[in-house]
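Two complexes follow with chain A in common, the first pairing it with chain B and the second with chain C.
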Partner chain A sequence: MSGFTWPWEYSFPPFFTVQPNSTTRAKQMDSWTSLICAYCQFHKITILNLGDAEASDLFNNKTLKRKLSSDAVLEVAQYMTDNGKAQWLDGQNSILVLWRSLEEWAKLLHDFAIEAGLTNSVCTLFELVQGDDTTKEEFYGLDIRVLKVFLKCLEEQGRAELIGDDEGVKFFV
Partner chain B sequence: MSFGEFWFGTADVLLPMERVIGVAEGVALYEEKQIIFEKGQLKLTNQRLIFVGAQVYFMNLDRILKVSFDAGSWTKSEKILVAVSSDLTFRLSFRAGGCKEVLTKLEAALRAKEWCYGVARKGYGIGVGGIQKKLQMQAQQTELHISSAFEDLSNLMASAKEMVELSQRLMLKSKDKGLTDDETAQFRSQLLSIGLQNSEGPANPSDNQLQQEIGRVLLPAVEASSGIISLTEAYCRVNRARGLKLLSPEDLLAALEGMRHPVKLYTFASGLRVVQLSSLDEVAWMDKIVSLLEETGCLGAEQLATRLKTSAVLALERLLQVEADSRACRDESINGLVFYPNKFLTGAS
Partner chain C sequence: MSTPREFKTRNKEKRTLGPFAQSTSECQWRSLQRTKMRRRVGVAAVQKSRQAEEMFRQKKDELAALELHQLDQQLDSFKQKLEEFASKHKKDIQKDPDFRRKFQEMCANIGVDPLASSKGFWANLLGVGDFYYELSVQIIEVCLATQHINGGLMSLTELLNRIRRGKNRSDISSSDLISAIKKIGVLGSGFQLVPTGPEWYVQSVARELSVDQSEVIQAAEKNQGMVSVSLLFDEYKWPRPRCEKVLKELVADNLIWVDLAPEEATYWFPGIFQAKREIIDE
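Showing the complex of A and B:
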């Protein structure tokens, strides 16, 4: 994984043991949250599958011979969702890592729609993440499930409406 | 003299203290050259020769003057010649063999002369039966000793109770006569030293003396092990110093519970109780461990124990204490539990 700079905690063995002291643990969980967000942002990952967390070098430092146990991974995931840094997907099998907040994503999508003059017309979700016109956008290549989460957020703000069987969207000004 | 004077009819039973030492089948009995019984069983016991044929006859071994061996030939069986007087010899013809064997045993029995004292002798007897009897006797003896010992003990306890009562009466009287507190204390301590404790009544002044003694004994040990030792070690050290006047664990604990100086009882968060130097500065101690952690990078309980010259259990307790104070954090791996300085809180520096 070239380029990603691991934080100092990643080579600190206690980082991989859930700390019993609550103050220490809170700090540890914060560190994990920022590491996961940074890692996912760097690699443009939005969905983290917890099932194969151990296979990922994010949770498994092979040089240090330390890895975060699956229970601990779940605990980190819970901590992140509690703090608005992630959302559960597929039950508790994976999380949507919010290295950019929901609102920011929503704004990003809405801004694009206005700029592209898509307001009041319907476009498909597929178009947004895979279409030729969006290749330069940040949300290009997003998982449809993730996109829906962001659009639902917009819908709650009254700035978009999901149409059909959640396959299309109509943006409002 | 003839057969009837030496051999007597009997039932085929053994006498008390009698045991069979040799048996041969197919034996014939002759008086000189004249056959008396053919084909019988010969039993040799430690007291008699018993001939079991159609009838049972026996001869006491003490009647025998001399035995000798007749080797026989290919037509004649081997024989034992039993001389009972200068002119009378009985012959035992072993037609089915076994002559030599019986002869050896007979000679041995004659030498042993067990009949002389076999019955009369007061003892356990010989052989397995004898051993069993001996063990039985010993068991009885032991039981006797034990029960008498317990009797002694209950007597002692009864008299101890009397002595405590007596001491209380004396104490009351001594107060009237204006005995000083010092003298009362001395009296009490003397009672305590013989193991009598007044469970009721006010706090025993002699506890003080005991505590002083404990303090004196434990202080060097505690100082040598970085200000803390386990209760077990304290118990051993105190009793080693006391020699024969042993202190029970309960008494030691009770004395320690009341102590404040120079050592005191300390209970860790885990419930482990230890003897700790009263002057021990908790904060300074934790600082010391934290600086050790920073110096070495990380420490396991064993490593810390070596550095502090204390036991691993106590070192672990110390580390847990530092961890609880948010100044250390743990790394649990296949290499065991290791503690690091809490960089989560202090940062990477």
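Showing the complex of A and C:
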């Protein structure tokens, strides 16, 4: 992949071994968290499939001949969800990487709805992420599953309501 | 002191030396006996010797006082000259790192420490003290800020780069850093310099490194920050348990990271690894 600047840790061989010392491990997990977030943000990825983690150069540095084992990937994922940097999706097969926090995403959607005058009317989720009016929005192209997570967050804040079989949404001011 | 009997036997031996030898030693013995007797006699002798002692002491004190006075004078003129020198070269000392180092060396040679206090006449005169105090504070800041990455072990070169970048000053030399770090040492064992051949490392965590641990750092320095049991064996011929023990300690101190490579577990110092990488990058 071109363009993404890997952090120094990516070429540091022990980065791919889960560290036995708990203090060191915490640093390592922090570094993995920021690497994953930066990588996903750069490539506009929100869902990371943990099943084929080894195929991704994120977890597999072929030049260095080091890769993060699947157990280690799970440990990193657990660390990220514990720290609000990710959410489990589909059981534990993939994670939603929150390089932007849940609240920020929710606000982004809500702000758009107000600006576009969509409040109090129903719009479909599809039209939010694939519609012609949202191509320039940050959330354009988001996976529907991810969008639902963000909208549920808004729903909890009482600023939106999912309608039907979670296919439409109604925004409130 | 010889008894008469001993004397006689000795005399016999000395007979071979001839008549003169015999008579001289006999004389000596006699005079010895006499002094012995004389010493035992009278208070006057005792008093006389005391008097002499007293006079000697007086003279000694006199001389000492004179010497002290001279020394005082010398010291005064020395201080004056040094002050003259310092104020004359004040600018050079503050601006030129090389000059500053030489000045420091000169002061160290004559046993003067211009950094000993920020309130001394040096500080008033030069502001040297403040210069190093500020530098010390910056060193501590940089070291603490990077501790999460390097585990509290940072090469002097990287520290210098960071400080130069942060302060936007290129007139700071590594010998300035060394002086400043040595000053921080006064506060306890928190900051230490670990020499590893060509490069110095600054250890900013409060712990004493054992001799073995320092040797491991030296080996890693030669090897991009990496060591392993076999590498330590090759380098120092340490038996396996000794290598394992010291590596275990370093892992526990979170100074090194483990890489469970397929061939053999290797151990890496992040601080050294980064320092080496930066050199390659540059």
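One rule holds in what follows: the second predicted complex is superposed on the first by the 173 of 173 C-alpha atoms of A that agree within 3 Å, B and C clash if a C-alpha of one lies under 4 Å from a C-alpha of the other, contacts with A are read in each partner's own complex, and residues count from 1 in each chain.
Throughout what follows, contacts are C-beta pairs under 8 Å (C-beta built on N, C-alpha and C of every residue); 3 or more make two chains touch, one makes a residue touch a chain.
If you're wondering where the values come from, they're calculated on a predicted model, not measured in any experiment.
Asker: Using the superposition on chain A, tell me whether chain B and chain C clash or fit.
Answerer: clash
Asker: Contacts for A:Tyr39 in the overlay, against chain B (first) and chain C (second): which applies, first, second, both or neither?
Answerer: A:Tyr39: touches no partner chain.
Asker: Return first, second, both or neither, reflecting whether A:Phe171 touches chain B, chain C, both chains, or no partner chain.
Answerer: After superposing on A, A:Phe171 lies clear of both chain B and chain C.
Asker: For A:Tyr10, decide between first (touching chain B), second (touching chain C), both and neither.
Answerer: Once the two structures are laid over each other on A, A:Tyr10 reaches no partner at all.
Asker: Which partner does A:Trp99 reach: the first (chain B), the second (chain C), both, or neither?
Answerer: Neither partner.
Asker: Which listed stretch of chain B (40-48, 94-102 or 328-336) steric-clashes with chain C in the superposition?
Answerer: 328-336
Asker: Show which residues of chain A both chain B and chain C reach, each in its own complex.
Answerer: In chain A, positions 8, 12-14, 16-17, 19-21, 23-24, 27-28, 66 sit in both the chain B and chain C interfaces.
Asker: Within the complex, which stretch of chain A touches chain C?
Answerer: Touching chain C: residues 8, 11-17, 19-21, 23-24, 27-28, 30, 66 of chain A.
Asker: Applying the document's contact rule, which stretches of chain A touch chain B when the two form their complex?
Answerer: Residues 8-9, 12-14, 16-17, 19-21, 23-24, 27-28, 31, 65-66.
Asker: Would you pull the chain C residues touching chain A in the complex into a rising list?
Answerer: 148-149, 151, 226, 251-252, 254, 257-261, 266-268, 270, 273-274, 277
Asker: For chain B, which residues are in contact with chain A within the complex?
Answerer: 298, 323-324, 326, 329-333, 338, 340, 342-345, 348
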